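The structure is given below, and queries will be raised subsequently.
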Amino acid sequence: MNAVYRSYGPLLGTIILLGVAVWTLAMIVGPQLFMIEQSLWRMEQPDSAVTAGMRIEELNNALSLAQYDLGALEGTTDPDKMAEREKLARSVSAMEQELTTLQGQDTAPVKVYTISNYTEMSGYHAEIFVKTIGASLMVTLIAFAVCYPVAYAAAKLAKPERAALILLGLVIPYAINELLRVFAWLMILDYQGVANSVLLWFGLPEPVRFLDSGAGVFVAMVYAYVLFMVFPIYNTIETLDTNQIEAARDLGASTWKIHSRVVLPHAKPGIAVGSIMTFMLSAGSFSVPHIMTRGTAQPWFSQLIYSKFYDSFYWNQGAAYAFTLLLVCVAFIILMMKVFKVGIRDIAK
Amino acid sequence: MRGKSVSLDSVSMRFGDFTAVQPTTLTIQAGEFFSILGPSGCGKTTLLRMISGFMSPTGGTIRIGDADVTALGPNRRPTALIFQNLALFPLMPVWENVAFGLEVRGVSRRDRREKAEELLALVALDGQGDKLPTALSGGQRQRVAIARALAVEPAVLLLDEPLSALDLKLRQHMRTELKEIQRKTGVTFLYITHDQGEALTMSDRVAVMRSGVVEQVGRGDDIYDNPATSFVASFVGESNRLTGTVDSISGGFATVSTRFGTLTARSGPGLAAGDKTIVFIRPERTRLQDTPDGAGLALRGTFLRRDLEGPFINLFFDCQGTPFSAHITNDSRHAAETGTDHWLRIAPEDALALPAGALARDE
Amino acid sequence: MSSTAPSSSVSASRVVLSVYMALFFAYLFLPLILMVAAGFNSYSPPSVTQWQGFSLRWFSELAEDQRILQGIVNSVVVATGVILLSLPLGLSGALLLSRLDARSGSLLYGVLVSPVLTPGIILGISTLIFWRQVDVGGGLGLTVMAQSTFIAAYCMLMFMARLQRQDTSLEEAALDLGATHMQVFRRITLPFLRPAMLSAAVIAFLQSIENYNTTVFSIGASHTLVTEIGSRMRFGLTPVVNIIGLLFVTVTVAVAVAYVLLRQRERARTPAG
């Protein structure tokens, strides 16, 4: 802290500290804490309100009966009936009084802290959750397999001008909006899309419903996030001294050995970063399933969260679902850091 | 411009358990060219950074002229620092670099430009003001750094090994130039270096530092001829060494018993009879003879090899296991045969006996 | 490639790799080409299989589409807000971290970059919940806050990369010459950071314009260009969306080229930068 003031002086130092404090507290830590807090309570009817509600119900019934009777006795001259009517009127006013008191009581729902927002995740939702995580892992794995050769070729094999061209070719689709990239695949995989046209032309009897199976989500997701895997791996392989590869080859290493013993170990931080980004984007993706499921295929977990917020307005459970997703992502990051033995500083680059 | 004195009173610097500078008391006179000489890690840069204000001493007070500056930041001291890497601002043209100190003091652009040109003329860079620093040569950049530092009219100019990045010829040329600028401006120069050549040629006085301690302060001749400690004797210049025990001291000369026999040498400070001692003999004061005749002790040495240094030749001998060297002027061909024996005579006035303790601690 | 690598196996594997690269780029670009092509088909919803003739009518429909045009305006407003918020925050973070020791620095660093590694929807949700505590609901302002949470981190990383290359003796030299900390910042540090500021602003702008996952939660009843596209994916899909795609491609390439050119000019101006 002193070092900050010594370097920047009192005015600038204070501005810097304030800026970081606002960012940390009001934009990162605060919102997360409030989200967790929101996930830990729900509004419930208090017990007293439940019994009061039953009694009100009861009184209302009795009251309408008595009022009906009272109406029947209206205008009578029979003294017996007059007395009966008197009695009835008294009990009606007593009941009316009790009703007013009861209705005056606070029956508003109260805030109750509970973990049931988490535990009440239904079997169907849990299944979607597990499928989402599983599919995201698969997307990550496939993205790695697809990207590694590309990253290696761009970093080490291509001549400089060609490598620049390859990078430009990677950057352009990367910079185009995610929704539009996914939409391009919708046009291909739609019932009347390009893929089906081609298949029909080849003699398939009828179009395939790619989208209903959820396969569409999967394919588009690999497409949408594959580039988040390429760049980190490319960046690390690029820093590898080419002499090391040639030395390994010179010593008689096979292509497989060169990669498993020289290139891959060097690319570890990049692989970790790429995997974390791809997994995080897939598991938390809202755009891809939003477009590709079109409401027919099974939803993605992020869609459940969205509907908790904007369809059923049940924010508490929505927050609980969101936090669960966050925990999985954190767990994945920790796992990657352990597996690839990299620190947080290597990751965020 | 007028220089001011710098007084250190028990100034010390600790980093946790490590003491970088032991309590040091030292006065640098106004207008003096003063050097601090020492190996890397001896604390000289720390001392400089404390005087410039980038570090606050953990003890003691620093005064510049009559003012106590211990608590002031670097921007409020009448000092200017020339950095080892010069630290010229790469995005500003040369003249803006030079005038930066005036700019931050609110001097008008016209006056700044004028003053910058004046200073650039002083360092022989007239008309180079609009170039970027990167367009200049190493020596020119060096001079820009000096002009920039002088622009704020400092009372004390602090130089942190500024010549170390230059090549040999330029370095020697810049020595003369620095000395000349110092003379013209009258500013106190405090020069930090590990290069004894720089320290001895330019300075009025030199302080030799080791392990956070100033071991000796004096004129160059003093330091070289009468080193106060065995460290100074071995760090400044080259020396042959003989170990022995002091038998007696009288009239400024000590009689020392060595395994080559008894030797008379000038007695250094802190030496007493019975002490272990190291006797230092400069190679250029070693008399090379064919016979053992003359005053002082003569050693018999077997010639090993010669190194041509240019103006002189360094000859190496083996004296019964003790290495010994002698410098001879390169005025004639000296044809010694490897394996031949010669006599190396040590005259009493050319040998200096110093207490062995301090150096032994190090080695 | 060294000449010591002989043999047909190397050239064979090169052929395999070349084919692979060609397939990979076909995979990247074909969908985009199809999407753009459908924008010139007069048939709606967008299709290339039901070709009904080349047409430019979707351009004029786009020009008259008030919701889309308003969306573009909103997107630019949000992106401008994000730049104005993220650059100062990112810069504060980078300046602070450059002066902290390793241990406290690592913790703060972890906290500040965590939004980059957090799913976008969670950033949107947590911002929405946080600001509802003080009765601020979804809208453009909230979207600026939500997006800046992670975009500021990107800016910070860019500033940090630049600061790492700064010679600290420059700041010391300026201080030594009598500059105040403010003057050092204005005359030395800021000019040094200028190229990074430019990059950070461009990245922040693009990230903000493109953002969907965070924005969809924080935008409330308002809309940006991208959330409008998102809602049309379910309702009222016409090739107007494809034309937007075409414009995105054009703008992206233009910005990329402009950025590269600007960087080159900047570099030419600052040789040692």
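Letters A, B and C mark the chains as written, and numbering starts fresh at 1 in each.
Note that in this section contacts are C-beta pairs under 8 Å (C-beta built on N, C-alpha and C of every residue); 3 or more make two chains touch, one makes a residue touch a chain.
Keep in mind it's a predicted model, so treat the numbers as computed, not measured.
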Given chain A and chain C, the chains that contact each of them: none
Closest chain to global C-alpha mean, per-chain Cα centroids: C
Euclidean distance of C-alpha centroids - chain A vs chain C, Å: 21
Chain A-chain B separation of Cα centroids, rounded to whole Å: 68
Inter-centroid spacing, chain C versus chain B (mean Cα positions, whole Å): 56
Shared interface positions of chain C, touching two or more other chains: 180
Multi-partner residues of chain A (at least 2 other chains): none
For chain B, residues contacting two or more additional chains: none
Contact set on chain C toward chain A in their complex: 1-2, 4-5, 13-14, 17, 20-21, 24-25, 27-29, 31-32, 34-35, 38, 46-50, 88-89, 91-93, 95-96, 99-101, 106, 108-123, 125-130, 133, 145, 148-149, 152-153, 157, 171, 180-182, 185, 206, 209-210, 212-213, 216-217, 226, 229-230, 233-234, 241, 244-245, 248-249, 252-253, 255-256
Residue ranges of chain B touching chain C (in the complex, touch as defined): 52-54, 73-76, 79-81, 83-85, 87-91, 100-101, 103-105, 132-135, 148-149, 151-152
Touch list for chain A against partner chain C, complex: 3-4, 7-13, 15-20, 22-24, 26-32, 34-35, 38, 146, 149-150, 153, 157, 166, 168-173, 175-181, 183-188, 192-194, 197, 223, 246, 249-250, 255, 276-277, 280-281, 283-287, 290-291, 294-295, 302, 305-306, 309, 315, 318-319, 322-323, 325-326, 329, 333, 344-345, 347-349
Chain B-facing residues of chain C, complex: 167, 169-170, 172-180, 183, 187-188, 191-192, 270-273
